[in-house]
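Quick one: structure below, then a few questions.
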Amino acid sequence: MAAKSRHLASPTSEPASVRWMLILVGLAFMALFIVLPVIAVFSEAFRQGLGAYWESLHNADAQSAIRLTLMVAAIAVPLNVVFGVCASWAIAKFEFKGKAFLITLIDLPFSVSPVISGLVYVLLFGSGSILGPWLKSYGIEILFAVPGIVLATIFVTFPFVARELIPLMQDQGSGDEEAALSLGASGWQTFWRVTLPNIRWGLLYGVLLCNARAMGEFGAVAVVSGKIRGQTTTMPLQVEMFYNEYQGTAAFALASLLAMLALVTLVLKTALEWRFGDELAATGRGH
Amino acid sequence: MMRFRQPSVIPGFGLTLGFTIAYFSLIILVPLIALVLRSAGIGWSGFWAAALDPRVLAALRTSFVTALIAAAINVVFGTLIAWVLVRYRFPGRRIFDAMVDLPFALPTAVAGISLTAIYAPNGIIGQLVAPLGWRIAYTPIGITIAMIFIGLPFVVRTIQPILEEVSKEVEEASATLGASRFQTISRVLLPSLTPAILTGFALAFARAVGEYGSVIFIAGNIPFVSEIAPLLIVIRLEEFNYQGAAVIATVMLVISFLMLFVLNLIQAWSRRRYGYGS
Amino acid sequence: MEVRVQNVRKEFDRFPALHDVSLDIASGELIALLGPSGSGKTTLLRLIAGLERPTAGKIFFGNEDASEKTVQERNIGFVFQHYALFRHMTILENVSFGLEVRPRATRPPKAEIRRRARELLDLVQLSGLEKRYPSQLSGGQRQRVALARALAIEPRVLLLDEPFGALDAQVRRELRKWLREIHDRTGHTTVFVTHDQEEALELADRLCVMSQGKIEQVGTPDTVYDTPQSPFVFGFIGESSALPVTIENGDIRLEGRSIGVSTSEPNGSAQLYFRPHDIELIESDAALSGHVVTSRRVGGTRRVELDIGGAHRVEIDLPFDHPAAERSQIVFRPRRWTLFPDR
């Protein structure tokens, strides 16, 4: 029956020609706007050869930027994990007034421009404020120092872990915890031995995304850092500095590390989705 | 009398909710209040004078117009990409699906310098259009391109799950009623995606308006032409004009919250009418 | 419109779903495609609709070969199990859709479309809900909208795929009766798919019983129930018990013992089928005899399960107040039965 007339087209699909055209248009758009910039980072980084690349990564400024970035992430991410677990425990396991409003509030930092996220700390701790000079009199520097950078980073990465865990724990309900408690487990035992194993993949997923943003944050950190070379420049800020000083290779070499971080994050995230897709929160992928 | 919370055997309510609220207040709420107080500190007339400054207005206009255009382009191509990823099977589909999230993962400053390298007059695409007398980098077109980059995943990831849920039966029903494939897509499928498309648009737009890192390198930052509002905040800070910065920030915050409100309205409307909230 | 299915075969990825099926459907009749899941009944319905293409064979609407027509051109009304209503359209817009998408030349004026849609909503007893959205209706109401929507295009054939499958029992029964009324009023040739024999027996003019991609039997509900043509049909429709028997010179024997009924079938082994209520209690040695395993009252009858030896169990029905139900041993023989010789 090779009566391959137009009639053989399925009523719920498009002709092959249309299909391939749409695929091509979609892929071309993605290639141009999404993939090309990533490729460009690496090609610019290696433009002057491997030696120049290697050298620019061993530059003292680059090294101190890498150290600072790792340190900031090492403080900000765990704090947001503790917050994320607490918030999702309170929201998923209990019914209380104002819950929906609280969930909206947690997402708030996503709708604030990163620059504003930094600005609020400048206004809170800056020279014109009450807090800043007072703390300074005790020798505590917040602004243009590491604490400010950490605070700004926490602000922008605030929702990541919580918004991953809340829907996940809501889906799982409280049955397991109630069973554990009825068997005589204490609250802590229940959390460590029942809840945590249930949410570990979702937690890892949230940590991945939170960490990627924490290490890559630019706008908020730029505002509070003061950009003191070797002291308060994180990797993205150092990238900007090199770039503005026309040190293209150095800028892109450092940027390539951040791009690598992004790619690794993406690979792990995708692996988690493929492997544990049904265990991760069904809602709100993205961000 | 309604209780504040329903009774439960599970422990830890006070501890976790207390910590959540304390942490939220310290990190988010108090600083935001400081911002609003600071911009209110200069009084009503001072506020308006700062907000209606021509350079501020121009920057806000640049930010909003470019973000609108970028979000509109993203809606068209984001819908198409979501469609292709959900409906068609082709080699490499899952890799492309994963790559949609690149802009979420790639630090904005990295995207910024990379886009600039591509679209600058000596970059691979800049070179192509330079002979035609076109400039992309250092113009509002460049800003738009950076905003397309960071906004695309919001549109794709909002539409994708909703499109996956559309049952084949609905399309078959449309065909049995005599609708052509084009009519089925334009009158049945796309309208049923409207709430998701609107949500994706609003998310991409909100993100683009506030975007800083990926835009400032490619923007050129010429006052009144390609200067975006977040950059003007930074400039005001560098001039130690804290109140000026606070005023622009407050205006942008109010607009963001309005967007958030509109988003919630879309979702409430969609749940009521379509039986789903995207 | 009469529909003829001629030697249709359908394979999905080389897996045969229908083997050489032929079926004539008379104009104006209400026919049920009945079978277990995987029997090919839905595939057959979708082939008639044009939602699938036959691998071989033809489908005629009247004298016109419909196999060469797309689903859009066939002008059929299709009702889906899960309603498939357009959720962004009001009820009225849903019903009007089929007329709205017609090419300008054949599209009625707007006012006329609205009038006809309202008329149909009246027919399915949903007047007043025109402005509602599908998510605001109950399952039964949604299915009635789906039917009105299918009828709006004045279909030549009405096809329903497990139309009541997603509804609860009460609503099912109501809609069943109501569908029959609608059919009697509009007279559309109607084919519906179901796996529920009660539904098929009650609703259809004719049944088409299917199994494993083949048609087992076509006939009126009475014929199919009373004279099943295959062991499958006997087992699938109504209650039945089966016993492996041998035939010796016209005498039917179970494990060598005569059971007191005779046949004109030639010697050999066969399966004896009978229904629980088609039995008579007798006092004789030449009969089936078994001891009571369970005895349950079901409404006005008592369903007794008997162990008749040799690991064979059968079910019989007795009036609930019959004294035999008190006994531990019951002797009976089938009053009506069918033999299917083993091959």
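Note that the chains take the letters A, B and C in the order they are written out, and that residue 1 is the start of every chain.
Here is the rule we use: a residue touches a chain if its C-beta (ideal position, glycine included) is under 8 Å from a C-beta of that chain, and two chains touch if they have at least 3 such contacts.
Quick caveat, the model's predicted, so the values are computed rather than measured.
Relative to the C-alpha centre of chain B, the farthest chain centre belongs to C. Between B-C and A-B, more contacting C-beta pairs join the chains of A-B. Centroids of chain A and chain C (each the mean of its C-alpha atoms) stand 57 Å apart.
Taking each chain's centre as the mean of its C-alpha atoms, chain B lies 54 Å from chain C. Mean C-alpha position of chain A lies 16 Å from that of chain B. Shown for chain B are the residues that touch two or more other chains, namely 172, 175.
Annotation for chain A: residues touching 2 or more other chains are 9, 11.
Counting partner chains per residue, chain C has residues 50-51, 71-72 touching two or more of them.
Those residues of chain A lying in contact with chain C across their complex are 1, 3, 5-9, 11. Residues 2, 4-6, 8-13, 15-17, 19-20, 23-24, 27-28, 30-32, 34-35, 38, 77, 80-81, 83-85, 87-88, 90, 94, 96, 98-115, 117-118, 123-124, 145, 148-149, 152-154, 157-158, 161, 168, 171-172, 175, 181, 206, 209-213, 217, 230-231, 233-234, 237, 240, 242, 245-246, 249, 252-253, 256-257, 259-260, 264 of chain B are the ones touching chain A in the complex.
Interface residues of chain C facing chain A in the complex, by the touch rule stated above, are 50-51, 53-56, 68-72. Residues 9, 11-14, 19, 22-23, 25-27, 29-30, 33-38, 40-41, 44, 82-83, 86-87, 89-90, 93-97, 102, 104-106, 108-109, 111-116, 119-124, 126-129, 151, 154-155, 158, 174, 177-178, 181, 187, 190-191, 209, 212, 215-219, 222-223, 235-237, 239-240, 243, 248, 251-252, 255, 258-259, 261-263, 265-267, 269-270, 274, 283, 285-287 of chain A touch chain B in their complex.
Listed in rising order, the residues of chain B touching chain C in the complex are 167, 169-170, 172-180, 183, 187-188, 191-192, 194, 273-275.
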